Amino acid sequence: MNELDIEAVADPDLRDPVLVEGLPGVGHVGKLAADHLVEEKESELVRRVYSEHLPPQVSVSDDGTTELACAEIHAVELEDRDLLVLTGDHQASDNAGHYRLTGAFLDAAESFEVETVYALGGVPTGELMDEYAVVGAATDADFVAELEDAGVEFREDEPAGGIVGTSGLLLGLGERRGLRATCLMGETSGYLVDPKSARAVLEVLEDVLGFEVNFDSLEERAEEMEDVANKIQEMENQQSGMPSDENLRYIG
Amino acid sequence: MNELDIEAVADPDLRDPVLVEGLPGVGHVGKLAADHLVEEKESELVRRVYSEHLPPQVSVSDDGTTELACAEIHAVELEDRDLLVLTGDHQASDNAGHYRLTGAFLDAAESFEVETVYALGGVPTGELMDEYAVVGAATDADFVAELEDAGVEFREDEPAGGIVGTSGLLLGLGERRGLRATCLMGETSGYLVDPKSARAVLEVLEDVLGFEVNFDSLEERAEEMEDVANKIQEMENQQSGMPSDENLRYIG
Amino acid sequence: MNELDIEAVADPDLRDPVLVEGLPGVGHVGKLAADHLVEEKESELVRRVYSEHLPPQVSVSDDGTTELACAEIHAVELEDRDLLVLTGDHQASDNAGHYRLTGAFLDAAESFEVETVYALGGVPTGELMDEYAVVGAATDADFVAELEDAGVEFREDEPAGGIVGTSGLLLGLGERRGLRATCLMGETSGYLVDPKSARAVLEVLEDVLGFEVNFDSLEERAEEMEDVANKIQEMENQQSGMPSDENLRYIG
Amino acid sequence: MNELDIEAVADPDLRDPVLVEGLPGVGHVGKLAADHLVEEKESELVRRVYSEHLPPQVSVSDDGTTELACAEIHAVELEDRDLLVLTGDHQASDNAGHYRLTGAFLDAAESFEVETVYALGGVPTGELMDEYAVVGAATDADFVAELEDAGVEFREDEPAGGIVGTSGLLLGLGERRGLRATCLMGETSGYLVDPKSARAVLEVLEDVLGFEVNFDSLEERAEEMEDVANKIQEMENQQSGMPSDENLRYIG
């Protein structure tokens, strides 16, 4: 295997495609959102990206067969246009790998003449929440204005520390290639896998890209997570009256 | 030295060889099983693989001479066919190294026209056990079915987190080269070097590959380990009645 | 993107330029000093250096737009000569990266015919201080003598452990290319971002390079930091009478 | 700079030279011994080895001038033959670096037609000691026998875990190039820089290579260290009666 290996699974003609990325991250918001699009809409796997910069492992399916760690790009059919949706179970395992994998993702997207990139993710608030704002950042001021019209919030000093990993580099490296790119980050506690935050991000995407998606399965998942959160809060209340970071850290 | 260096020690003609891997891992199950085959059967060292991705060290033999860290491939003569058995004291020391070393192992195996790979290992159960199931995963559904007939168990969501390291990549990279590959994992507490689990794995291999091997030395080793485990349990019982993970972690 | 990417933003003619480096480090002394020169004097961005050896991230500006992690080189106009000032928010994220990025910085400087390098930084004293000596090290004895005349102190065994990171390599690699280089290190507690130490370093630079710079904004910043330090000391005094390393560690 | 850079400082004709290595390690035994030879005998610096695999730093001399991290090879003149003595302040900072730097050291040694390598080091015993055995390992049985005649002890299972770093690879990679190599390890507590252990190692070397060296300066250093050790032991005795690993760890 080479350091990076892009396997071309299919080469459909796509209508004005944009790249949507949802790899694991804060609250798994981006991953939940991207996986939801692939599951709910007509979709077709078009690329697999293998790399030495992904963890050295195979996953095991329910039927006992294995699959080498990879990132996948799916063509997703919307009402008026198509998406390329980047999904997977892993971020790169080292710094240079983040740069090289993101470069490979952009190469694949550009082979489908993508000009715009939507990186999806979460921004941690540190507290359980009822309403989910979507915070944004983008490569240029026009894109910022356009997303503000769709309800995305742009806040000074947020996210503090910038945007790291694949999402950040899709903007940083994308801009250097002349692409427009944004990162849409749903607010989330940071403690739990957060389907409600994923829905908030997808609703922005619906508005901006002009499509509709059914949220039933995401709502079911959200209710399951709420049950988990409530149980934890109950246990906590019996003890100290407040959920602690320690106990809630990443349950999902 | 190059990044990877495959030293060809011998090039015997082999009868329909398969690759069997047993590098260090959970309970040292795979290593114990592979070393047992090399010791009990007629065997000949055919390849040494040196690499910058192995730890920078030499081991010292009882006679005071040294050997550079390497992985070894032995030709092992069974009743009706031959094996290539991969053994060694080290896994790769970095992620990319896992990919590159596994690639080198597969290159060596393919130079002997190997078409099937058996990666041997352990799956941790977290408790001391009396019976040792062998859990499997494989590159294709036919191989899964074939191994199920030999008593291998295929379980949903097990091993959780997939199969990492050389064993995982022998399946992941092997499949990409068109090889059939399986990982056979003996159940083991995860706390102790486990010759009984190694025997369980070898018994599946006997069945699948049609050979017999004497288990006396492995049984002796198992009895020694049992003495160790009993002593620990006694000490523990005097204190808290139950062995703790802390105290049992990797004795062997 | 390549492993290292030097973007030529502008190519002005410069008068006898020297390179001044101020990347993040102890007390952010070097960074404060270098940023201050770029802000107070006529300056023009001439180079951006991108690299896989910088963290995989973008920063987000107040207007919501993003910028890929990079180091910047600015041409700064002084009374009688020009400077190239190296600034940025990151050191290299790995050892080899320090060597390669510093090599790129020196390549860029040499393309402007730089012959002398001033690396700016801080040297930790472990205690809050009233007076700020500037400690030095240089590539050759003549340069040491010249800097001693300007009040720089050269002390046996200081800094203990040598000079690490970009500052150290600008001397080490610079010397191997035939450049003269010095590291000027302002004494600083090591606990707080230290604008006063940055001023002390700049005053040496004023003397050596023959220019004057207004320190008002740096003084304001210093007063803010003093307020922070005083509050901490008050809180501490109410408790134990002395500021502790734990509580003061890197506030800024 | 390249990944590895061997600077040829001088190219004297040497009489039947062997390579002696003494880089930092357990008790700094090897480094003390190698530095002692360079200081006590006629010696000349012949090679500097720079590398990205050494830490990114410069050391500062007492006169304020700096030197880039490097390893040095000195020609040392003995009564009947010459040595090449490898010294320095650093081991490689990563695994592959150990392989590549050791390869460079061997390249340099072979350019002087070296056929035999003596790696010097310490083996930790975990307790303060009065007598200092020298434990050995070597690339071939003849060399083992020869060194046993000189009083070197070869012990089963010692050093446990093999020999790591440059010393280990000088044997491992040296053997692959057809060189004879040994590692001579002075017993040492492992807590203190140990000039007495260094003397023990040098006495073996005197015997094997047929030379004599004055030990006065090493003895002085040993007395200083003994004073330090006694003071620590006194302080300890006032408290618990025994020196603890915690307090003695690496004082020098």
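Each chain gets a letter, A, B, C and D, in the order it is written, and its residues are counted from 1.
Criterion: a contact is a pair of C-beta atoms (placed from the backbone, for glycine too) under 8 Å apart; a residue touches a chain by one contact, two chains touch by 3 or more.
The model shown is predicted, which means the values in this text are computed figures rather than measured ones.
Peer 1: According to the touch definition, list the chains common to the neighbour sets of chain A and chain B.
Peer 2: Output, common partners of chain A and chain B: nil, no chain qualifies.
Peer 1: Which chain's mean C-alpha position is the greatest distance from chain B's?
Peer 2: C
Peer 1: For copies chain B and chain D, work out whether under half or over half of the interface numbers are shared, and give different or same accordingly.
Peer 2: Answer different: the two copies use largely distinct residue numbers here.
Peer 1: Round to the nearest whole Å and give the separation of the Cα centres of chain B and chain C.
Peer 2: About 53 Å, centre to centre.
Peer 1: Taking each chain's centre as the mean of its CA atoms, how far is chain C from chain D in angstrom?
Peer 2: The separation of the two C-alpha centroids amounts to 37 Å.
Peer 1: Identify all positions of chain B at which a residue touches two or more other chains, and write them in rising order.
Peer 2: none
Peer 1: Edges wherever two chains touch, nodes for the chains themselves; is that graph a line, a ring, a star, complete, or other here?
Peer 2: ring
Peer 1: Sort out which chains touch which and give me every pair.
Peer 2: Contacting pairs: A-B, A-C, B-D, C-D.
Peer 1: For a test of understanding, state which residues of chain D touch chain B in their complex under the given definition.
Peer 2: 92, 95-96, 98-100, 102-103, 136-141, 144, 154, 156-159, 161-166, 168-169, 171-173, 175-176, 183
Peer 1: Spell out the residues on chain B that touch chain D in their complex, using ranges where they run on.
Peer 2: Chain B reaches chain D through residues 1, 3, 50, 52-53, 55-60, 62-69, 93-94.
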